[in-house]
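Same chain, two partners: chain A is paired with chain B first, then with chain C.
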Partner chain A sequence: MSDVKIAFLVQRLPYKSENPKLAATHAMSYQTVEILLEDGQTITPALCYVGEGVLNCLKDQKAMETYGITSTEMHLKNCLLVDMDVYACKEDLDKYGIGEDKVIDAEDMGADKKLQIVPFAKIQELMETSNHVMFF
Partner chain B sequence: MKLGVFVSDYKLTVDTLDRLKAEKLGIILVSNGVYHASIKENGKASSLLDKSANFYALKEDLETRGINPSGIDSRVKAVSYGDVVDLVMNDYEKLAWL
Partner chain C sequence: MATLTIGLFSSLIGSMNYDFALKLAEAAKDKGHVVNLWFSGNAAGSPAKGQKHLKDYSHGEKPLRALIEKGVEVCTCEACSVSRAVQKTTAIEGVKWNAMHWYLAKIYVSDRVLHIGGE
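Right after this comes the complex of A and B.
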């Protein structure tokens, strides 16, 4: 019986590079990779947005309408829908003047989880308690 | 020289823009450059907007990132792809991409 904790840290702006979106898709892949694990083994991902990365968390992204691609917002909503922990750094949201009302939620899709706005100390703690930390 | 400069990054790692001189300067914010038009870091608008230039931001890139074009800095005009083509063809002789 073992649980492997993986923290995905996103520090880059969305869209210009595929890199920050890959954090969400990699984190989401824990759902499928579980079939390859031994009985009792689990993987617990946490997706954390810090620095400029918090701008990935703005709601009302119209990537599908403008470019015909799935938005980062939709990826994040899907993460919340499968009960993944998604965090955004409060200090960085404050720095960019982004209030809670401007941040993605997946209530419209019926998700119970909400994007959690937490101080950087909490993200630091997650990094320390995770088995692996991946930067995007 | 009438110079149009495309800015596609939020944090510029080059100072070329500060050195460029033009009788008419247009700064066209595209891709992640559109954050200059909307994000106030610690309550302060981007220093890029203090330059003496005409500023434009691509509407599609704003909307993709969840930014309402009607809420951007008043110094910046939100423009469509078609408008950018018109700027390139009619308003600026030289173009640079930073």
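Right after this comes the complex of A and C.
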């Protein structure tokens, strides 16, 4: 029985690049990876937004109206709904003047988890304690 | 010997990341390591067969076929590929098609993971 921890670090802006969305969808796939693993083997993702990447965490994204695609917000809400740990760097949110009231939550979907606004030191700790770190 | 999984998100044309990843995979395989290669994002457009090898552009088909021949496991994200008009019928034979959990499962058994992000 063993668990592999993966930290997904998102540094890029939403929509300018496909990468932030791929980070969320790859992290989300931990939900179905068990079909390819043995009993007792698990993967625990941590989805972390840093730098310009914190702009992915803004609520009320209009991607469907603007681009005709599912928003990054919806992907993030789904991540929270399945109890994934999602973190945003407090220092970087502060730089953009983004308060807690402006970041995504999935309460309307019934999620128990909240997006966690944490100091960069916490994200660094996650990187150090993860088996693998992947930058998106 | 170890297991290396490379996640490649860069396009075949546009940077030398793709070229680098394939050469690294070949070098690791030649040393006797187990190598897995995952295509997602723009890299998922690369398994299309019938690529014309123009000297001004990177060329992926021939080296990719050689890697598969050597036993490198290559898999593309199905959703990423079909959204780029690459179908199983128009793809290089031997490339596997799966979802993102394939990458996570390979990461699980890997000693090292090299994640090469896209543009």
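Here is the rule we use: the second predicted complex is superposed on the first by the 136 of 136 C-alpha atoms of A that agree within 3 Å, B and C clash if a C-alpha of one lies under 4 Å from a C-alpha of the other, contacts with A are read in each partner's own complex, and residues count from 1 in each chain.
Methods note: a residue touches a chain if its C-beta (ideal position, glycine included) is under 8 Å from a C-beta of that chain, and two chains touch if they have at least 3 such contacts.
From a predicted model like this one, the values you see are computed outputs, not experimental measurements.
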Task: Put chain B and chain C onto chain A via the superposition and say whether they clash or fit.
output: fit
Task: Pick one for A:V118: touches chain B only (first), chain C only (second), both, or neither.
output: neither
Query: Touching A:T32, do we find chain B (first), chain C (second), both, or neither?
result: second
Task: For A:H132, decide between first (touching chain B), second (touching chain C), both and neither.
output: second
For chain A as apex, the angle formed with chain B and chain C - C-alpha centres, to the nearest 10 degrees: 90
Message: Taking the superposition on A as described, I'd like to know which of chain B and chain C A:V4 touches: first, second, both or neither.
response: second
Task: Would you check which partner chain A:Q41 touches, where first means chain B only, second means chain C only, and both and neither mean what they say?
output: second
Message: Per the contact definition in the header, classify A:L22: touching chain B only (first), chain C only (second), both, or neither.
response: second
- line: Shortest Cα gap between chain B and chain C in the overlay, whole Å, is 13
Field: Common interface residues of chain A - those touching chain B in one complex and chain C in the other
entry: none
Statement: Interface with chain C, chain A side, in the complex: residues 4, 6, 17-19, 22, 25-26, 28-30, 32-33, 35-37, 41, 43, 132, 134-136
Field: Footprint of chain A on chain B - complex, ascending
entry: 8-11, 31-32, 35, 39-43, 60-61, 63-68
- prompt: Mind pulling up the chain C residues that touch chain A in the complex?
  reply: 7, 9, 40-42, 99-105, 107-108, 113, 115, 117-119
- request: Can you check the complex and tell me which residues of chain A touch chain B?
  value: 13-16, 52, 55, 58-63, 65-67, 71, 73, 95-97, 102
